[in-house]
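Letters are used for the chains, namely A, B, C and D, taken in the order the chains are written, and counting of residues starts over at 1 for each.
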Amino acid sequence: MDTPHTLRQQLYRIIFFTDTPAGQRFDRYLLLAILASLVVVMLDSIDTIRSQYQPLLTGIEWAFTLLFAIEYAVRLYCSPKPLRYAFSFFGLIDLLAILPGILALFYGDAQYLMIIRVIRMLRVFRVLKLSPYLRQANFLLTALRGSKQKIIVFFACIATLVTVFGTLMYVIEGPAHGFTSIPKGIYWAVVTLTTVGFGDIVPKTPLGQALSTLVMITGYSIIAVPTGIFTAELASAMRDGDQLRHDCPSCAKNLHEQGASFCSRCGNPLYTRTTEQS
Amino acid sequence: MDTPHTLRQQLYRIIFFTDTPAGQRFDRYLLLAILASLVVVMLDSIDTIRSQYQPLLTGIEWAFTLLFAIEYAVRLYCSPKPLRYAFSFFGLIDLLAILPGILALFYGDAQYLMIIRVIRMLRVFRVLKLSPYLRQANFLLTALRGSKQKIIVFFACIATLVTVFGTLMYVIEGPAHGFTSIPKGIYWAVVTLTTVGFGDIVPKTPLGQALSTLVMITGYSIIAVPTGIFTAELASAMRDGDQLRHDCPSCAKNLHEQGASFCSRCGNPLYTRTTEQS
Amino acid sequence: MDTPHTLRQQLYRIIFFTDTPAGQRFDRYLLLAILASLVVVMLDSIDTIRSQYQPLLTGIEWAFTLLFAIEYAVRLYCSPKPLRYAFSFFGLIDLLAILPGILALFYGDAQYLMIIRVIRMLRVFRVLKLSPYLRQANFLLTALRGSKQKIIVFFACIATLVTVFGTLMYVIEGPAHGFTSIPKGIYWAVVTLTTVGFGDIVPKTPLGQALSTLVMITGYSIIAVPTGIFTAELASAMRDGDQLRHDCPSCAKNLHEQGASFCSRCGNPLYTRTTEQS
Amino acid sequence: MDTPHTLRQQLYRIIFFTDTPAGQRFDRYLLLAILASLVVVMLDSIDTIRSQYQPLLTGIEWAFTLLFAIEYAVRLYCSPKPLRYAFSFFGLIDLLAILPGILALFYGDAQYLMIIRVIRMLRVFRVLKLSPYLRQANFLLTALRGSKQKIIVFFACIATLVTVFGTLMYVIEGPAHGFTSIPKGIYWAVVTLTTVGFGDIVPKTPLGQALSTLVMITGYSIIAVPTGIFTAELASAMRDGDQLRHDCPSCAKNLHEQGASFCSRCGNPLYTRTTEQS
């Protein structure tokens, strides 16, 4: 990217990119502001603190709303395609960050606004958009995408297991032992299958306990499935990243097996130069 | 498959296959019907809702029973080998889907019928029988089959651990602390080893707590075993699926990249016969 | 093994080996007997059943003791090296299987005898000594042995984490919230780190909850370590199993890389014949 | 290392190294002393024992303090760079091991001193500094370092998930059901996502239970991510450690088996220079 000239371009580069010291500083401060505003939300939710420092907290919240509003305005101003930015994922998140303040004007600070205020946290990923992290994140996403269908099959099985086990427990244990309905039974089945085990609903009858033993061992074993799927995908993704990364002189093929000395497509000799591992 | 002529063949293709737009639409609607009927079963199990909407729910249930009955009849009619379909896994599931309605006629809607009604969910896998998902499912099944014996050995160890630990806890803690019998002790051992930890039965004596510490760390560590087994199997299954399996005519290399037309070792041309992906 | 002649040799082969139909039948019956005797022990521990069927259960227990005693005697008689068998692992287990009955003569059926009676279960592994399972078990053992040192390092870290966290919680939460001593704190730390989470002792103070959040996330993350170690070891163990298994004609080296066409030790050409995958 | 001459050098070698029988003996005794002193701390924290054996325990603690003080002095004396040792990680740990005793003189044995006394446990890793364990530990550290960025991305996601879910539950369930503030909600979210599931705070409303079902399944599935990352890294680290890294003079093959003296592809002799294991 060539050096920008107008102020607008400079702002654009500082705010939207991290390849300049100024841009990195901006990201750092933004990160601090986001986290600080989250702390305020949390303190705001603790009664003892709220009752004492209500006005102070509201004030700080206002300050952050103002700050984020200014940032949003500047982003709109300096981005080359304002509309496209405004409707991009992060554009909407940025808008959400200032929305609660505005809504609070009309409705007062209702509880549900807290959710919107917390969603600000997603802006943290703006900062994680630094290239190294991004590459690693892409690695993970590639692995996830690669195992999408396997995972759907897996979840379909989980859903079925949970529904059937939940219904069985509802019929076996019955409302007397807290299994008041099938959804409740399913809730219990999820709690047990995922090995969370709150213990708010537990089987009392011997048959129920025998069945739940089965559920637990199932849950304990099949956790191997998502792990296995993801690990295998990730390993192969990384193995691909390990292949020699240099173009064949005659044809376009630019990935070759470990230690290949001839292009496997056109048969041209390759002059192996060991490459950096990604 | 050549285009069908008679109505029967067309129905057969639409209902049993997913390679026609009509067939895919049919599957989509069927999926919706199944899930809707499940929702009804669940609502039916919630007392508050049941007491109010009993007749409505019964009515809807009847509608679904009728719908599935018609579907079953059509399947029987159009399948080339009706008997073989009727006794196939999915054939029986389809029958089970209409059974509760019929049984309800004679016995009234008993609780246990709910289980049969929920088993309808298995029909969801009919729809998952779309080729891509099927291939992935086969991947998983191959891995599972490959590690069958390892898993049996693993479960034999788990069973032994759980029995021995359960008995020890029964002797150490005794009925006073909820370990009223060895089966109860085993139930506790499973709850603990699988890291579910309901907390309905917990060790009270120092010795019991020391022992359960051992159980927990065992359970925490050996979960690595099924995961390791499955991952390794799956990884090797996928690795195999990634390579052509035919020898290079001039050198010994007998595994090549996808779509390699020259040996990557000696540069000799390969007469690629693409192989099916396992 | 050549066909045996004397009765003693025949017995030896039937009882100690599984390569004859008679031997397999023997193993099957033995397995049933062991499991049945375990069921008796468990029923014996349930008060309601015990009070009713006490004499019956004692009778059955006697029958099993007699049965196992006879088996033990026969094993001693027909094994070529009786002493060596008697002091082998399984020899001692076999002895333990008849011990409780004898001890019961003098002391009555004390609780702790139940432990010995349950240890019979270990005899199940006799039957698992069938070659295919054995090979798989060896696979697992190889992987475990290979990762022994890594695992020791891992457990040393776990022990340290648990001790430090347990002490911290003891100091932070104090006896008032159930953390009555450092050992108790360590017990809690293990319950939490292994994600079992009984809930019998839980942090009440904000600081304690913050710290336990840290413990949980640590436990949730580091489970990756044993899994990773074991998976990697197992994968490499299986990869080794995948190598070409044929001797170099000139030197003794009998394992070679995938698709190696020359011995990597003596440089002699190898005539690759693809080999069975273990 | 050449044989030492002066007493000081001999001490240095015995105390700081493990390549001499004396040095190994020293490490063994040191390990025992550390563990024994830990046992004392723990017994000291159990009221019943403390009330009885207070003076005895204090005496033993004094003995250990003295012992460690002497050891520290000797280490300072015999190490060639005393200052550098004093400010090294283990130097500070060694100092911490004697600090509580000294502090106790002025302040009496306050609770918080227990934490310092427990930190002695870190000295155990001195003894684990034996080469084989060290190499394995390095293996693990390499894998961790390799996956650092992936793990940061992962933890950023976890933090966001936990915050958002925690806030949602706070708004849905409210203080009435124990979700008294957002931090409390986050604490619950961590307890649930990590599948610990204490059960001290549980959702009561249907909506809350539905949401927590989502949290549990998320937590159950994404545990695959750290496991996958670490396993893949470790596997590749071990794969690299398994091969020599130098080119075959005649063909391009640049990775060879352990101790290969001829290229397994072209049969050319290799001038093996064994490489350090990564």
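In this text, a residue touches a chain if its C-beta (ideal position, glycine included) is under 8 Å from a C-beta of that chain, and two chains touch if they have at least 3 such contacts.
None of the values given here were measured: they were computed from a predicted structure.
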Quiz item: Going by the contact rule set out at the top, which chains touch both subunit C and subunit D?
Solution: A, B
Quiz item: How many steps does it take, at the fewest, to get from subunit B to subunit C if each step moves to a chain that touches the one before?
Solution: 1
Quiz item: Shared interface numbers for subunit A and subunit B above half of all numbers used, same, or below, different?
Solution: different
Quiz prompt | Whole-Å gap between the CA centroids of subunit A and subunit B | solution = 27
Quiz item: If you average the CA atoms of subunit B and of subunit D, how many Å lie between those two points?
Solution: 39
Quiz prompt | For subunit B, residues contacting two or more additional chains | solution = 183, 186, 195-199, 219, 223, 227, 229, 231, 235, 265
Quiz item: Considering the complex alone, what residue numbers of subunit C touch subunit B?
Solution: 38, 41-42, 45-47, 111-112, 114-115, 118-119, 121-122, 124-125, 128, 132-133, 136-137, 139-140, 143, 151, 155, 158, 183-184, 186-187, 190-191, 193-200, 219, 223, 226-227, 229-231, 233-235, 238-239, 242, 258-261, 270, 272, 274
Self-check item: Contact set on subunit B toward subunit D in their complex
Solution: 195-199, 227, 231, 265
Quiz prompt | Of subunit B, residues touching subunit C in the complex | solution = 149-150, 152-154, 156, 159-160, 163-164, 167-168, 170-171, 175, 180-183, 186, 192, 195-199, 202, 206, 209-210, 212-213, 216-217, 219-221, 223-225, 227-229, 231-232, 235-236, 247, 251-255, 265
